[in-house]
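Handing you this structure, nothing more for now.
Chain naming follows the written order as A, B, C, D, E and F, and within any one chain the residues start at number 1.
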Amino acid sequence: MLHTINKSPFETSTMETCLRFLQPGDPVLFIEDGVYAVQASNRFSPMIEALQKINPVFALQPDLSARGIDSVADGVGTIDYEGFVGLVEEHQVNTWF
Amino acid sequence: MHVLRHAPHGTIYTYEGLEMILIMAAYEQDLSVVFIGDGVYALKKGQDTSAIGIKGFSRTFMALDGYDVEKLYVDQLSLEERGLGEDDLIVGVEVMNSENIGKLMKEQDVIIHH
Amino acid sequence: MNIGILLKEGPYNHQASDTAFKFAEAAIKKGHRVDAVFLYNDGVTNVTKLMDPPQDDRNIAARWSELGRQHGFEILACIAASKRRGINDDVLVEGSSITGLGTLTDIAIRNDRFVTFGD
Amino acid sequence: MNIGILLKEGPYNHQASDTAFKFAEAAIKKGHRVDAVFLYNDGVTNVTKLMDPPQDDRNIAARWSELGRQHGFEILACIAASKRRGINDDVLVEGSSITGLGTLTDIAIRNDRFVTFGD
Amino acid sequence: MLHTINKSPFETSTMETCLRFLQPGDPVLFIEDGVYAVQASNRFSPMIEALQKINPVFALQPDLSARGIDSVADGVGTIDYEGFVGLVEEHQVNTWF
Amino acid sequence: MHVLRHAPHGTIYTYEGLEMILIMAAYEQDLSVVFIGDGVYALKKGQDTSAIGIKGFSRTFMALDGYDVEKLYVDQLSLEERGLGEDDLIVGVEVMNSENIGKLMKEQDVIIHH
């Protein structure tokens, strides 16, 4: 199951809640304001680096670019909208907002 | 599976979520409803909305019994953090830990958050 | 693959509608079929033809209408949610219509994937 | 006391409009004067006369219109925000109108209090 | 200056942010979903009890009743919409959402 | 005083906030703008919105200089928590601690959050 998160972890508990229900191996895709979670060297970087050892972690490149984030936490994959569709081909979707 | 995650009244998500659940319950079998985070507040006993001028709807959760809604699952941690117990809720629910709710989610074809 | 989309927020105020649109475009480009886009909560306001954004900005209603026309899917607004928010047949953009939640149930069941966009 | 109100969210979806209304009612009851209610962001959708909620629910547009008529204040929707969201003169409830942000500046300056409601 | 907060502290950082800028003696009014902050015996009760020693703390009774909250943290005053107007008579308003 | 508290693009609050600030700046004197929480992201350098199909506006903050907008204040803790420094921002700002921003707020007659 693919989990998408579109909220900044600095402002809401959405990411924290999602991660509590996430099963090992299920991919997580950060989109919209959610991509701030994977920005390198912020408060959440250690959490994201731990997460990606158990779950594949992706961020939507168009949303990263829109926000001027040019460096992401280690192990985070960046994909475009077709990559998003590719994940949906392989998984049912659980949209967290 | 429907996931209720908002407190009632501050936004319409819980109320319109419940409207969707009632219609879908009439069509579908094995529909489940999960209460996570502030969503557990939707089930709090003793809600009286008369002074804010918004229609109350907490009693409608009791009507779900008559439909094909098998179970109402409530996240244990969400309940505990809010100082609530099963006695504070308007309907009988199954309190579950996040591990088991996560596994239940993974079995679903369709999950809608409200 | 057949894909149903649920969109729960209105245009411009939240990015949800933009992301849903880009996702639908990409899915079609990859050879998938978008079955329908269902609008709920404030999402119903995505289909008012009265919207008139600045000339250098996207017109969200017209864009959904055009994508639906080109690729044979409808944009469906929930009737109860629409009535609350002043969306009725007179303001609907071409290719959209108002319907009940029973239709959403069908969309959720009959498609290979069901993807929600909200805020 | 003269009070200006800024309302930044649409009806029904967020409680902001309800709280603003109850606050305005209470202020009037206590002898204050509501100078104007200015609508911004999705707040502009508070004045569409096309809204048609269930009979046992409040009609938010009609309610603002009636309170304004009784107590001599206008409900003003920002023109740029309105155009994005499909609010124009054809759908305005009585007692509301569309105006620019310059008017909001006047409201903010000329009143004793300026109270925002949002979400 | 009167500060109003309408968001649940469980779900967003709004309350935490507001309290960081609050000046001693300025009243805080919890409204809408914000009133969950002052519910007795929840995770935020110690914070509210500490707060009300430095700032007057109020909650809107109509919003408490609507949510079935019949017991609030020590020292929190409950007011109705006219009480809200009363606070606005005395203070300019800073609305946090 | 205008308080920008949302990240850009995910919602329209920052963009419509900026539209309001530009108009008000043309009418009023001594207008101040404060960036708190995710609001500081509005000033991040290097934003390119072409792929999300939304108009970018970060450069418009540079235009505020030409109006009567005296100062852009940025909350220090919000910046630090996000791993950002003044060099990451598209315009010159005054970084301030919460104590001083709180005092500045208290002096205002009108505060609008976006």
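Throughout what follows, contacts are C-beta pairs under 8 Å (C-beta built on N, C-alpha and C of every residue); 3 or more make two chains touch, one makes a residue touch a chain.
Since we're looking at a predicted model, the values are computed, not measured.
For the pair subunit A and subunit E, chains touching both partners: B, F.
Shared contact partners of subunit C and subunit F comprise A, D. Hopping across touching chains, the smallest step count from subunit B to subunit F is 2.
Of all chains, the one whose Cα centroid sits at the greatest distance from that of subunit F is B. Of the two chain pairs examined here, A-B and A-F, it is A-F that is joined by more C-beta pairs in contact. Taking the CA centroid of subunit C as reference, the farthest chain centroid is that of E. In this assembly, the C-alpha centroid of subunit C lies 28 Å from the C-alpha centroid of subunit D.
The centroid of the Cα atoms in subunit D and the matching centroid in subunit F are 26 Å apart. Mean C-alpha positions place subunit A and subunit D at a centre distance of 38 Å. Those residues of subunit B in touch with two or more other chains are numbered 9-12, 37, 52, 54, 109-111, 113.
Looking at subunit C, one finds that residues 12-13, 15, 19, 22, 41, 57, 80, 114, 116, 118-119 touch two or more other chains.
For subunit A, residues that reach two or more other chains under the stated contact definition are 6, 10-11, 13, 32-33, 62, 80, 92-93, 95, 97. Going by the touch rule set out above, the chain pairs that meet are A-B, A-C, A-E, A-F, B-C, B-D, B-E, C-D, C-F, D-E, D-F, E-F. Here subunit B touches subunit E in the complex through residues 7-11, 37-38, 41, 44-52, 54, 56, 58, 81-83, going by the rule given at the top. Of all residues in subunit E, those touching subunit D in their complex are 6, 31-33, 62, 80-82, 84-86, 88-89, 92-93, 95, 97. Residues 12-13, 16, 19-20, 23-24, 27-28, 109-113 of subunit B are the ones that touch subunit C when the two sit in their complex. On the side of subunit D, the complex with subunit B involves touching residues 12-15, 18-19, 21-22, 56-58, 119. Contact residues of subunit F toward subunit E in the complex are 5, 36-37, 77, 98, 101-103, 105-106, 108-111, 113.
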